[in-house]
Amino acid sequence: GCDEAGGQIDNLVVAQGSDADSLDPHATNDQPSSRVKKQIYETLITQDENMELQPGLAESWEQIDELTFEFKLKEGVLFHNGEELKASDVEFTLLRALESAHVGHIVGAIDPDGIEVIDDYTIRIATSEPFAPLLAHLAHTATSILNEKAVTEAGEDYFRNPVGTGPYKFSSWEMGNEIELVRFDDYHGEPAHIPMITFRNIQEDGNRTIELETGEVHIAYDILPQDINRIEEHENLTLLRDLNFSTVYLGFNCEKEPFDDVRVRQAINYAIDVESIIDAVMEGSGEVATGPIGPEVWAANMDLDPYGYDVEKAKELLADAGYEDGFSTTLWTNDNQLRQDIATIVEEQLLEVGIEIDIEVLEFGAYLEATADGEHDMFILGWVTVTGDPDYGLYSLFHSEEFGEAGNRTFYANDRVDELLDKARRSAEPDVREAAYMEAQEIIRDEAPWLFLNTGEDRTGLRSDIRGFVNHPAGHHALWTVYVEEDE
Amino acid sequence: MSTQINPDKGKTNINGKPKKKRGQWYEVWKRLSKNKAAIVGAIIIGALIFTAIFAPLIAPQHYRTQDLENRQQPPSREHIFGTDNFGRCIFSRVVYGSRISIQVGFVAVGFAIVVGGLLGAISGYYSGHVDNVIMRLMDILLAIPGILLAIAIAAALGPGLVNVMIAVGIGSVPRYARIVRASVLSLRDQEFVEAARAVGANDLRIIIKHILPNCLAPIIVQGTLGVAEAILSAAGLSFLGLGIELPKPEWGAMLSEARHYIRDSWHMSIFPGLAIMVTIFGLNLLGDGLRDALDPRLKG
Amino acid sequence: MSEKIIEVRGLKKYFKTNKGPLHAVDDINFYIKKGETLGLVGESGCGKSTAGRVLLRLIPPTEGEVFFEGENILDFNRRKMRKARRDMQIIFQDPYSSLNPRMSVEEVISEPLYINKIYKKKNEIAERVKELMDTVGLSQRLVNAYPHELDGGRRQRVGIARALALKPKFIVQDEPVSSLDVSIQAQILNLMEDIQDEMGLTYLFISHDLSVVKHVSDRIAVMYLGKIVELGDYNSMFKNPLHPYTQALLSAIPIPKIDVEQEMIILEGDVPSPVNPPEGCRFYGRCRHRMDICNQKNPELFEIEKERFVSCHLHNKN
Amino acid sequence: MKKNNELLKIKNLSIEYKTDDGIVKAVDNMSFDIGVGETLGIVGETGAGKTTTALGIMRLVPNPPGKIVNGEINFRGENLLKKSEEDMRNIRGNKISMIFQDPMTSLNPVMTTEDQIAEVIILHQNVGKKEASEKAKAMLETVGIPAERGKDYPHQFSGGMRQRIVIAIALACNPQLLIADEPTTALDVTIQAQVLKLMKNLKEEFKTSMIMITHDLGIVANICDKVAIIYTGYTVEYATKRELYTNPLHPYTQGLFGSIPSIDEDEARLKPIKGLMPEPTEIPNGCPFNPRCQKVMPICLKELPNRVEVKDGHFVNCHLYKDKDQSMGGA
Amino acid sequence: MYRYIIRRILLLIPVLIGVSFIVFSLMYITPGCPAAITLGEQATSREIEQLRAQMGLNDPFLLQYWRFISDIIIRQDFGRSYATNAPVLDEILSRFPTTLTLAATGVLVAVVIGIPVGIISATKQYSLFDNVAMVFALIGVSMPNFWQGLLLILIFAVGLGVLPSSGYSTPMHMILPAITIGTSSAAMITRMTRSSMLEVIKQDYIRTARAKGQKESVVIYKHALKNALIPIVTVVGLQFGYLLGGAVLTERVFSINGLGGVMIASISTRDYPLVQGAVLFIAFTFCIINLLVDILYAYIDPRIKSQYK
């Protein structure tokens, strides 16, 4: 219950749209799991809401050479099982992460032989080649530090016996339904305010709002755009809206006719009124995207010119490309309501310039396979730059070595872009990197392998008396700072 | 044969002319037409079919025409069922939706009847090992819950009208196989089948001419009710997001979409919901009526 | 008159059941002479219908031979059998289930003609149907009627017309009147008699009603639990029944007359199950005259006097 | 036939069914009476209204579609049609019992036979459960079924045994009137003989009056004292057994006798009644038998003949005997 | 009887193997690689390949199937979910109580309403009560479950605010889903009870009971009902089996995380072991319910009992 008039509550109920898959940071990398793991585990480095790097379990760090960083660990940090955090745990964690198929890519740059424990509280980590985003990657929940003993003891069942150093420790899990965490009293930092957290799985988006209204939950994640007004106008509720790292885009299969012609891609960019789509589908939530990465991501190019809605120009370009009578093609999406809605409007708007579209809605699994294999023509997808570093948001999506499954499902290839992305990845100089990314984004905008749709936002609904909650752009929000305002 | 007794001399209603050839179906029709509920059902279904055929004439606009300026408008003179989240006319979409529901219902059931009927007929007529194998197969199919089977099949084949129809159809194959098998088993030993064999009819003729026509009654009844179920299942699949191609107006998909708007725009979910309900209602009425008409034993 | 048109030797039909083989017909032997009627009586379930069906090869026998005009029809191939069927027809007990409810009178009667391609032209078939309907006393206006529009008597006439369509020589009549009312029953019996005289047909007449059997038959066979227990000329059988079962059967029929002193022989118990029947005489359990030997050995059917057969140890002098 | 020990007297009983095709007059103006210890045979072909008559006496005609439209059923001087349902329940199974046509379907398949017999005993006799089941077992023995089989279910018995169980139920409370609706039609002759013998014995033992419904004139000859011949719900002849068998008057009765093959004589040909029973909803005007009657007269097409007492206790409904009515009545 | 039950249980084995084979094949031919899906949109091909090899997905179809089925048969091990790595059985069993209570309450509601209404309707055929009940029953059958659920939420959770709309923690939470599920079941049971009773009431043995002088109520509830029970029990069993298999849509509408939901989720994530496990479990419960129904038949009807040899 949460109708206790003011005062502290003893159980914070948080609703999200899906249950966690696993509480082993190396077993999965899905949002619902990360949101729970965030409370249990800590990383060497953290990023605050502004994506500034802050000390985590590592008190300090320094770059030793082009490839190597040295980290100094905080002393006296206890795991939930009573063990003290040692550098060996960090080594163990990173090696284990490297083995993992699920999160391997996040630590992929690290050279397994380059991890060196200097003493109990000092560790060096080297990459196999220069990798500028390493620190950002080490702030990702996937690199949460585990306790070697706990992992070995639990074996296969570690995923539901997680042991971290975070402010909350795992208590119980009713699979598919809810997870309970309790405050860790030996936490090395500022202890959490609320003694217990319950993560409830409420699948139906609308129901989360209803439950928030009826007071069954205190915090509800991923509020439907349709419910924005309702919550904002509700006297007992607050809605937090903040842009996040996600971008939704409409991609063209650049290897297939007619999308191998840049004019066709540009024409479609002109032919679609993105703003109206965002309004209709998302009630105007988020922002119309102007480039491949959103403003929250570092080095996002905010000066790109939007194409704008210009049917005449679109027709011209099509005529230029030899399609004055338009053509028929397909638009692929998976069974995600948002994407389907976008497709519905795109279809209608493209009719205007003579392009007839069949919408192919595939089930997620089939969709991933088909788009990876290049069976598609146009498609709608999204991307989250989880690390907040542009490398993550550009490299695998536009580099010609990352075709298909790896992320580049448009099969877009541009030598200059490849070169720029490689350079930025290697360089340790933020200025050099920024310049490279800016140019790459410009080329991508002009060559239009994507039609940029929108930058997503996190919408979290709160009971009004909940304080201390901040949306984190990566989507997993800290809960130990949350408290309930005393009634005056 | 001078002493021949002609029983027809005693008949009071002799009119000399040969009777019109009106088979059992005429009787069925006569009985059906006396059943008010069944007539209501028939009218509903008739109206539905009419709507489906003349959808372009009935619907004020095309089902996909959008008007993003006028989204989620409540019912008005212009759009009597209001508009949806794309500003499309819900009435038009409901009208066009009848086409899909009818197609799904009839094709899925048709598929199930053909496949199930064939399996059932073979199973019943030949019995023995063939029967055993087929019926165990049906048991297996039955043991997999229908909607889950449909989901799995839809996932395997991909969404789309045809696949939905197959998915829904396969799930009800065992039912028809069982019905037909039971009928065939009971008919196989009827004396008229034996009589046909006695005058030299072969298996094929016996199955086609003597057995199948007599299985028709339970199949028709089950079929009518099955169409209702198929429409519901298809709507359920759409509700789960495994339905029909966009932007086709399947009622279940409309409902599914409308549920996000249910609190502000009740009309978006009421009308497709009512359309489903009325259709199923009509089919059930008709099916019940047919059952009574086809099986005079059941008459009150 | 003395030529055997049908001869059955060692005919057996066992049905498979869960509890074991069901001896529906168990080693029966008899013959029927051209132009005569052999009556086959027995209680429900004793195997009369099965005998009739196996005889026509509508179901395959377990063992035995059936000679039709000297040839064993059980050896016939498909084509030959089809031809033989024209000569051997059947009329069923139940006029309700023996007509396909979805076929009109005309379709029913013309089906044999159509299947056997007797006529080339449609109107020839129609002519013949007309003729047959006249023969069995059905009004022409019923050509398009469906069975449910007809009463039992008329239905049975349709069945008879169908059997006659191919101009058979031999007809098995499986209780053709037992589901009809007495007044209709009499009409049908007369009709069959007329047809027999006219066409020189041979009948196997199956019934459980002894008075009917007696009325129509020249010779009578009495069956009990898959076996023929007594067979002979109707007169001598009725005057002097030999088998205790026949005696009981005869005595049990209530006579519709007053002032006849009728002493019914009441048999104990019911007919035993044909699944795993007893080793010895099958009538043993209910017999008034049972002897030790009856329980051990099944009596053979033997000719006690000319054309008079009985299977009972009481009469077996050897 | 006018005896004082009259048990049941039926006067002008008419019962109708409402069907889709019209009104079926299943029983039309029927009258007869039964004395104590007497057995009346009701003979008629399918659909003649035999079962309906019996149900009428029990007041069990299914309503709808059936309805008793007219008449009186006087049982020991009281009109059953005026009794409350409650009173009727006390009579059914107690003073008047009925045996139904088909032994295969008239027993409840999910109750043991013993329970089914005990049920009627508990209902009408002031006894406990235990005693009732003892009595039920005794009843089973009476009809020749070993008492220990009382725990068995109907399907475990043969047809003849089931019919005997039905008889046991009917006789359990020693009724004054037993209505047997074709109790042996579904049975084989040898079994029929068993059942008939049993009924005869029981009748004598318990002094029960009986209505024996049948279409078999042989059974009537065997067991009845009086006979009513009915045709399409309409009594055509009503007489003592002797009268009827020695001097059948109505052309229909004569036709019936002509239709049955005889077991002890050789007849060359049967002499059946021509034609068929009319549809129940299309009974012809005048005498219902007129289309099939050999001796049909113009008046038969128009007027329904009244009941005529041709001889003492020999009634016939036929225009042929109109004149004799006067002459004989005068005699 | 015991032999019959044992035979039926043995017969389960081939049926379940058949089920697993069909499901396995279906999943196999379904496009979408489990490795790619578990890793999500943002995985690299190297990772996918690595995981695919780990999962043994590169092996031939029959080998994969054999590995799966032999694990079950030999080691009673249903494997671990691809997505969560939890033992499949745990995943299923943790959701089963929810589904079971939901189905049981739904069916209970349905039986408590359906059978009495059906009986009264049958005994008073064509009366006002009968007509009204039948119209309601028809509406109940015709109303799509998910729509009804939405309407109920709209009215009771949102409009009146008296009941919670989702989740499954207290009896209060159960009310709306149980009503939603119960309505169509109740409607079906009502209809079946009515027609079955109508059929039975016409039987000769009912006439016999009346001829004994038995009270009408006893005739109906003692003689008729037990005979009418077979088809009713069949429907109840079917409904129960169906609901255990997952009243998927109702669960979805009320955000109840039951068996049906996990089944659907696992299909879309190509979580083969979980799909297999869930389907097998559902099929197994379905067969067991069928068996229970058949045993119940024997209990109701001695004729059926005597066939069970």
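Read from first to last, the chains carry the letters A, B, C, D and E; within each, the first residue is number 1.
The definition used in the following text is that a contact is a pair of C-beta atoms (placed from the backbone, for glycine too) under 8 Å apart; a residue touches a chain by one contact, two chains touch by 3 or more.
Source: prediction; values computed, not measured.
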item	value
Touching chain C and also chain E, the following chains	B, D
From chain D, the most remote chain by mean C-alpha position	A
Chain centre separation (chain B, chain E; CA means) in Å	23
Between chain E and chain A, distance of the C-alpha-averaged centres to the nearest whole Å	38
Centroid spacing, where centroids are CA-atom means, of chain A and chain C in whole angstrom	87
Distance from chain D to chain B - Cα centre to Cα centre, in angstrom	49
Multi-chain contact residues (two or more partners), chain B	3, 5-7, 11, 155, 158, 259, 262-263
Junction residues of chain E, two or more chains touched	30-32, 153, 158, 252-253, 268
Of all residues in chain D, the ones touching two or more other chains	269, 272, 274, 276
Residues of chain E touching chain A in the complex	30-48, 50-51, 54, 80, 83-86, 90-91, 94-95, 98, 153, 157-158, 161, 164-168, 252-255, 257-258, 261-262, 268-270
Partner chain E, residues of chain D touching it in the complex	55, 58, 60, 88-94, 97-98, 100-102, 105-111, 119-120, 123-124, 153, 155-156, 166, 169
Touching residues on chain C, where the partner in the complex is chain B	53, 56, 58, 82, 85-86, 88-90, 92-94, 97-104, 111-112, 115-116, 135, 137-146, 148-149, 153-154, 157, 159, 162, 165-166, 184, 187, 190-191, 194-195, 198
Partner chain D, residues of chain C touching it in the complex	43-44, 151, 153-154, 181-187, 189-190, 193, 208-212, 214-216, 238, 248-258, 260, 262, 264-267, 270-271
Residue ranges of chain A in contact with chain B within the complex	204-206, 224, 226, 230, 276, 279-280, 335, 337, 340-341, 343-345, 347-348, 358-363, 365-366
